[in-house]
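Two complexes come next, and they have one chain in common, subunit A, joined by subunit B in the first and subunit C in the second.
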Partner chain A sequence: MSKIEHDRSHHAEKATGIGDPQCFHGEAGPAKFKVGDRVRIKNLPDLFYTRCQVYTRGAIGMVTEAVYESPAAEDEAWDNTESPEWFYSVVFRQQELWPDYPDLYANDTVETEFSERWLEAV
Partner chain B sequence: MSDEHQHPPAPMVDEVSDFEVLEAAVRELAIEKGLFSAEDHRRWTEYVHTLGPLPAARLVAKAWLDPAYKELAVRDGVKASLDVGVDWINSPPTGFGTPSDYCNLRVLADTPTVKHVVVCTLCSCYPRPILGQSPEWYRTPNYRRRLVRWPRQVLAEFGLQLDPAIEIRVADSNQKTRYIVLPVRPEGTEGWSEEQLAEIVTRDCLIGVAVPKPGVTANTKRPVRPAVHPVDHHH
Partner chain C sequence: MSQSTREQVMRHLEAVGYLQPALHKPQQAPYPDEIDHSLYRAYTRSAHDVGGEPDTPMTWEEKEEEQWELNTFATCECLAWRGVWNAEERRRRQNVDLGQTQYLGLPYYGRWLLTAARILVDKQHVTLTELVSKIDEVKSRYEQN
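Entry: the complex of A and B
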């Protein structure tokens, strides 16, 4: 009876002494977005696993940094590390996320990260 | 014996949560399967309990004293951590971080007009290599849900009330970046040494729910208020 053995140590071998996400450096190709770009968070299906917060879906923010390359959490959760993506730090005005956020505190913001698949140019 | 007021006896130990049961089950399965040994697990557990927020406090104190170091800390937090004895990449047990200790530290520098505060709304990601284990309140759904939605109210509960002109920037640690806050150096610390400055940079200051003050070297107790609709466990 044949048995498919899953290689559990491939990530450890790749990342030891280099770090994660550093070990995926250079694997995602050119970054699609740059600092200052306005982006909208897509509302993609998120069956089983995601790290894209529901409160950001559909909101428009600004890219503050292309932070690193890594498999998206939605892939990595299943040990699929074949296609790393660029990750971006995106800042939102609180009033964009929560419509009743008080005008008095209109300066307040939230910053958080997304893999490229979640972003679309505005 | 009367049936009136027959309450069940108080438990001898605190209730074990579903997540603790799950952790034990997964751990025992992993040991049984040979992924790691019980000895590995003991060593790792003991190692993480040696960690604390002192290296991060020193990082902040050094950054206050040395503008070039501050620039490095903001640009490359992992590299700047080496100067305070924290090696994110080659630390035990794995040598590449763990699934919750990825090697990407970002140091969020406050200014007189921007105040940062850190949360993980999805779970409780925390920069453990440089801050140690997170405080219990940081992991509660209460803090995680409310900080991102009502940051000023939550900060006020910690005793921090900020001018409306100051931008509060919540950093939601949802992917592989871990954050610490580099607060503004307070007045009244002129001429202080690195050791003196590090003493007032408490864990709460590094999460962003407090600001450093001369003479304050401990985290304040967060007030616990009775629930509006308390849950009765004896139904």
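Entry: the complex of A and C
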């Protein structure tokens, strides 16, 4: 019987004693965005798998932190771990995300993470 | 055996009748021109991306993990440790690949367990024949006791 090799042990070995995503530290190159940058979430196709919430697509937020380097979820979900990216924490005004959000709570925000591919400078 | 199997089949057909796609249509498997881009995106979305969907409030309840749930968690971690999958691959399989009906319909650790069995078959660590035979064997043993 022919069998395809699906050995993922390299991932466990790489992370042993270091942790994940710490084991990808230094592999993503220079970060494209910095704290305070205004960014728009791209509306890339979300076929098969993504961790980029659809409710953020096209919305504008502000980078609060470059949090870590890791393969993007869309890559790592098939064990493509050769091209780690920077991940960013981005804060949005709730009113930017939800059309009916009441003016009384205009200061409400929500913060969530994105890999670099999902962000474009505004 | 035969009679109770037939009853089981009839109960099964009744149960799957409740699992039709949420968008009810008189005819399934539509012609291509019946699917516009919005519908296409809705059908092919990742089932776990539920943020912003209308829903009713849920009651929050404290629930301790059951023994089989803890065992399932440990099994899945061992599968990662032994190189069968990584965590993101596990999430893809248990949250998205199984489809919206199972994602919403099964208990949380039920999806973990089902996915652990699935990955072993998908990556040829066990054959489906071996898995089904084992389930059948355990089931018979359980029913005798």
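Following the convention adopted for this analysis, the second predicted complex is superposed on the first by the 118 of 122 C-alpha atoms of A that agree within 3 Å, B and C clash if a C-alpha of one lies under 4 Å from a C-alpha of the other, contacts with A are read in each partner's own complex, and residues count from 1 in each chain.
The rule is short, and it goes like this: a contact is a pair of C-beta atoms (placed from the backbone, for glycine too) under 8 Å apart; a residue touches a chain by one contact, two chains touch by 3 or more.
As the structure is a prediction and not an experimental result, all values here were calculated from the model.
Asker: With the two complexes overlaid on their shared chain, look at subunit A and say whether subunit B and subunit C clash or fit.
Answerer: Superposition check on subunit A flags a clash between subunit B and subunit C.
Asker: Using the superposition on chain A described above, determine whether A:Y49 touches subunit B (first), subunit C (second), both, or neither.
Answerer: A:Y49 sits against subunit C, while subunit B stays out of touch.
Asker: On subunit A, which partner's contacts cover more residues, subunit B's or subunit C's?
Answerer: Between subunit B and subunit C, B touches the greater number of residues in subunit A.
Asker: Looking at the overlay, what does A:D79 touch: subunit B (first), subunit C (second), both, or neither?
Answerer: The answer is second: A:D79 touches subunit C but not subunit B.
Asker: Once the shared chain is lined up, is A:D20 touching subunit B (first), subunit C (second), both, or neither of them?
Answerer: A:D20 sits against subunit B and subunit C alike.
Asker: Just to be sure I read the superposition right, which of the two partners does A:Q95 touch: subunit B = first, subunit C = second, or both, or neither?
Answerer: Once the two structures are laid over each other on A, A:Q95 reaches no partner at all.
Asker: According to the stated criteria, A:H6 is in contact with first (subunit B), second (subunit C), both, or neither; which is it?
Answerer: second
Asker: Determine, under the contact definition given at the top, whether A:T64 touches first (subunit B), second (subunit C), both, or neither.
Answerer: In the superposition, A:T64 touches no partner, neither subunit B nor subunit C.
Asker: Where on subunit A do the contacts with subunit B and the contacts with subunit C coincide?
Answerer: Correct list for subunit A: 8, 12, 20, 53, 55, 73, 98.
Asker: Quick check on the complex: what are the subunit C residues that touch subunit A?
Answerer: It is residues 41, 44-46, 49, 51-52, 80-89, 91-92, 96, 123-124 of subunit C that touch subunit A.
Asker: Would you tell me which residues of subunit A are touching subunit C in their complex?
Answerer: 1, 3-4, 6-12, 20, 46-50, 53-55, 71, 73, 76-79, 81, 97-98
Asker: Please name which positions on subunit A make contact with subunit B in the complex.
Answerer: That would be residues 8, 12, 15-23, 51-53, 55, 67-68, 70, 73, 87, 89, 91, 94, 98, 104-105, 107-115 of subunit A.
Asker: Under the definition above, what is the set of subunit B residues touching subunit A in their complex?
Answerer: It is residues 35, 78, 88-90, 94-97, 102-104, 106, 121-122, 148-149, 151-152, 164-177 of subunit B that touch subunit A.
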